[in-house]
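Scrolling down, you'll hit the structures one after another.
Here chain A shows up in two complexes: once beside chain B, once beside chain C.
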Partner chain A sequence: MTAAAFDAPLRRRSRLGRKVRIAAGVFACVVFLFPVFWMVLSSFKEQRDIFTVPPTLFFTPTLETYISYMQRADISRRLINTVIVAAGSGLLSIVAGAMAGYALARIKLRGAGTIGVIILLSRGVPPIALAVPMFLVARSLGVTDMHITLILAYCTFLIPYVMWLMRGFFLALPKELEESAMIDGCSRFGAFFKIIVPISMPGLLSTMIFSMILAWEELLFALVLTNRYASTIPVAIAGIAGDTVNGANWGALTAVGTITVIPVVVFALLVQKWLIQGLADGATKG
Partner chain B sequence: MRTMTAAGARKVRSRTWTTLADVMSRWAFMGPAAIILGAMLAYPIFYTVEISFSRFDLMTFSAVEWIGWENYAHVLDDYRFWSSMKVTLVYLVFALPLQIVLGFGIAFLINADWRGRGTVRALFIIPMVVAPVVAGGIWRMILDPLWGIMNWLIGLAGFAPLDWFGDPNLAMAAIVIIDTWRWTPFVVLIATAALLSLPRDIFEAAEIDGANWWSMLWSITLPLLVPIIAATFVVRWLGAVKMFDIALAATYGGPGGATNVINLFIYEEAFRSLRFAESAAMAVIVLVLTMVLTGIFLFGTRKLEERC
Partner chain C sequence: MGTVAIRSVRKTYGQLEVIHGVSIDIADGEFVALVGPSGCGKSTLLRMIAGLEEITGGEIAIGGRVVNDVVPKDRDIAMVFQNYALYPHMNVRDNMGFALRQRRLPRAEIDARVADAARILGLEQLLDRKPRALSGGQRQRVAMGRAIVRQPNVFLFDEPLSNLDAKLRVQMRSELKELHQRLGVTTVYVTHDQIEAMTLADRVVVMNGGIVEQMGPPLDLYDRPKSLFVAAFIGSPPMNFLEGIVDRDETLVLDDGSRLSLPMPVRGKARVTVGIRPEHLALAAIGWPAVVSVIEPTGSETQITARMGDHVIRVLIRGRTEVRPGETIHLEARAEDVHVFDTGSGRRLTAEALEGADR
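Let's turn to the complex of A and B:
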């Protein structure tokens, strides 16, 4: 009785604290979502509704910006290019990166430790240090403005990322798996592709999706290595935002921005569970 | 007798063959990654180093003549290089700690045990997958001095509107805000996972012993979190040193170079001013600095993990 009376104020206070805490958390979330909301909202405005003080919240939505801008700039082609490059580099880097990550985790290689350190350090290589020579080499080989060039360029940061993440993932798997498979007559490759890959699917998929998102958003290599036929969406956005002559066309910016962001958001939310797990592992198992 | 040795030799040969095949199959796993990274990562780095020590001929578009440290001397004499390095340093010093503190703070808030926890956490993914160049673009609209919603809100609160992109300090603040908006959710997601993995019984024991919230935070939560905070810092550092898109889209380095981070400056020097040799020298300087610092941070993280 006395104990309960003693406890009561403390518990009430902590319940209040919990409510404040939840409210603050939700508020932070709303603040962080607002810019995206504002972009999507503005993309359905007419030009005159964008430039208003105070900002308009209620207006007749229109697809005008989308329609006119899709025709003016070749956004659809850039969109296709971005899909090709993101999918291509995502697939290539997951195959090459997962195999190499497996080698580092499970196969006794002389110098594996050194390779691991080099990979980890290579994640710190600033892309700008690669951009100049890549541009010059691509130019002399005549392979600028091609999808494959961009795909390979993206592999420079995707493969180390995948290798490191998958290395941690494979280290956590029980060793008996491929040992028993190899006793049963599987080759090393057989054991990897028939046993390890299927059970690692969630990890592989989430890593691949995150790689594709990274490729989808990349700007520097796309600016340097493409100019017309293989150019991607981020380049278009940089062009719209950096238009200092006419001033930034906000309608176009919000519409193209929305087109860029929505597919990725849908994708990311679909696999959010794996994505969060992958992120947490990526940071902790480093 | 002769047949015996022949068989023995065959056995030996087949054994060497098996070992060789075994070694091959081991290294074959590294093959694709090694080839791609060798061609696209290692070779360009060597080429950058070569260009940085050469005179670059714009007619043939190639490095023609070895001139030693001359490009480096030029770069180190260039006040724009130093001011760009300073800008980058200021950005890193403000943005990284801010993102770590905010990220872990918000993670603590949203980790309260309630029904919407999963949803709120999932929603934090959204800013994280907004392309940085888009982030720069939208925020330029939000922070626009005349029409932006931010200045309208500031006005509502009774303050004078701010010239976000005209004032050097405010422009840097804008870059830090945009970067923080884009990257804090990433820290939040790592931090929520880290907080959830903390052992509960320690907290219960401390509560029974009458420890208050504040002392639990300082003497239990934070020490347990130190390794993961350090790891998050390294991951963010690896991303932040590459910062380019946000500055390009939001300010294009302006006003007057106040937000011209080093990556943007090198890009401009190389691809606008076509000074490939000097930009290669700058790239090498940045590369070496980043490698050294990354190495130090990784070493530090390891040490922290071992201690805990």
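Let's turn to the complex of A and C:
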């Protein structure tokens, strides 16, 4: 690289800046990770040890709260519900959102920009303003407390999100790839599925996982649209935290919280791995 | 049959017309280069032949069939893009065979055709590699291979060599010419490099601002440019231009007052531009005086840069010279090598303009 010669003095000058940035990064990590650390630690404590002053750092870990709560609040069924809803809305939004994003990125359509902006603006509506109308619609259709209702509700904010992320992704791909495919015998759809989708896999998968994480953690719509059969983990956590009869059970909260966070962490790590991979590497001159 | 007929083709984007009625007839097996500065419409025209841009007006026929409303895949063409557009998730073999698989050809035939193209282009060792593991020149070859295996009626090239370094570009240029002579497939080749156009094409189409300035065999364009634009665009080092007023038929009065006698009469035009190619100027005992500023010997020839009044003149002579910077030299040119243009319209005024027109 010819740029190396120019980089050297720059790099030397920013060495101090680099240290400052690292320190700031470490500080931010500590601030953000400490509650998680506290939660995981507390979930293995006995109830009486959670609020001791000074906090006990060394103790005999126990799975008691996990075991008891898994049975009591029907956590396993809610976990399954959450998986169904997160996977369902993640898949549906990636299929619809990616195709919409592709259309916005490539198809010359009068007013395409306006359509895109309007769809994006719909994300600006506060969810709470939509939750009640959605509930009324769901009730009159007789579909409250069903997985599909929650999945469709989540798609209202996931599809615009996927659409805009994927639009940017597709815009970065050379359009000659599809043109070449179309000359080689594909229709526009064929070029999309045979060329664009395979090379966009890293972007598609990471976007889908982001969507699934958003759906996984969603509380408001789940609270309004479900009550027993299809209700999800965040609703259960809210129930524990807001238990006015017995008071908040902190042991249970931390245990369920930990269970909820694990898949998110795993997914986030997966996304990071994919994002690092090259995207359309080697398609063009390079 | 791989004929291409372009008839009064126009292209507009909204209110803006970028191609203003272009007509070109391309014979079967002919190699035609579209050349011009960026924005002249050459790539747009090529993309219209390919079906990647809609045709606003006029029509394009390939092999006698009007293709205005035919999708790209049904036009029986193959195109090589400037950035090659190789499919990054497929290896070389699959890249080259993609179009054939799309047409559901038998596996054995696909393999045979890919192997054949790979042999022609020297890609046999690379068939299992992904595009990212190839050098620029190799990618360029794969892109050509992808076009060859199709055995199309027409090849379309959109500046295929401009991403290569200078040495590789020259090498690929002669490979391309050899390939065309061997396959004999009608080829439309877009480039902004006039040397590429001149060396490769049977016929060169010079475009400027959405119109065809001139088309014809490369040397016709070189010898008898119909306009100032073509005269300036074709040839390297470029043609010398002297601008002034014609006085008494055979005398050109430059703006700085110096008078040059022309080797032929120029009929009643007030303001003209005289063009002479550097190699058509010769040192003489008497003639137009000029003061030498730079001497650049390359061994086989010598380029002299000299000042003639306010004008800078380049002279290219065979062999070597004793002339030194600061000396005054005298230059002459044969009448047939002097091109006279109307400065206002840019059109050629000399008699050959009429003969050389519209070939």
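In this section, the second predicted complex is superposed on the first by the 244 of 286 C-alpha atoms of A that agree within 3 Å, B and C clash if a C-alpha of one lies under 4 Å from a C-alpha of the other, contacts with A are read in each partner's own complex, and residues count from 1 in each chain.
Basically, a contact is a pair of C-beta atoms (placed from the backbone, for glycine too) under 8 Å apart; a residue touches a chain by one contact, two chains touch by 3 or more.
This is a predicted model, so every value here is computed, not measured.
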Touched partner set for A:Leu204, first chain B, second chain C, both or neither: neither
Partner touching more residues of chain A, whether chain B or chain C: B
Chain B versus chain C as contact partner of A:Gly25, first or second or both or neither: first
Chain B versus chain C as contact partner of A:Asp184, first or second or both or neither: second
Which superposed partner A:Leu152 touches (first chain B, second chain C, both, neither): first
First, second, both or neither for A:Leu219, with chain B first and chain C second: first
Which of chain B and chain C A:Ala96 touches, first, second, both or neither: first
Overlap of chain C and chain B interfaces on chain A (superposed complexes): 187, 280, 282-284, 286
Sites on chain A touched by chain C in the complex: 174, 176-177, 179-187, 190, 195, 198-199, 278, 280-286
Residue ranges of chain C touching chain A (in the complex, touch as defined): 50-52, 71-73, 75, 77-79, 81-89, 98-99, 102-103, 130-134, 136, 139, 146, 150, 163
Touching residues on chain B, where the partner in the complex is chain A: 25-34, 36-37, 39-41, 43-45, 47-48, 51, 61-62, 106, 108-110, 112-114, 116, 120-142, 146-147, 149, 152, 181, 184-186, 189-190, 192-194, 228, 231-232, 234-235, 238, 241-242, 244-245, 248-250, 252, 262-263, 266-267, 270-271, 276, 279-280, 283-284, 286-287, 290-291, 294-295, 298, 301
Of all residues in chain A, those that touch chain B in their complex: 18, 21-22, 24-26, 28-29, 32-33, 35-36, 38-39, 42, 50-55, 92, 95-97, 99-100, 102-103, 107-109, 115, 120-137, 139-140, 152-153, 155-156, 159-160, 163, 187-189, 192, 213, 216-217, 219-220, 223-224, 233-234, 237-238, 240-242, 244, 248, 250, 253-254, 257, 260-261, 264-265, 268-269, 272, 275-277, 279-280, 282-284, 286
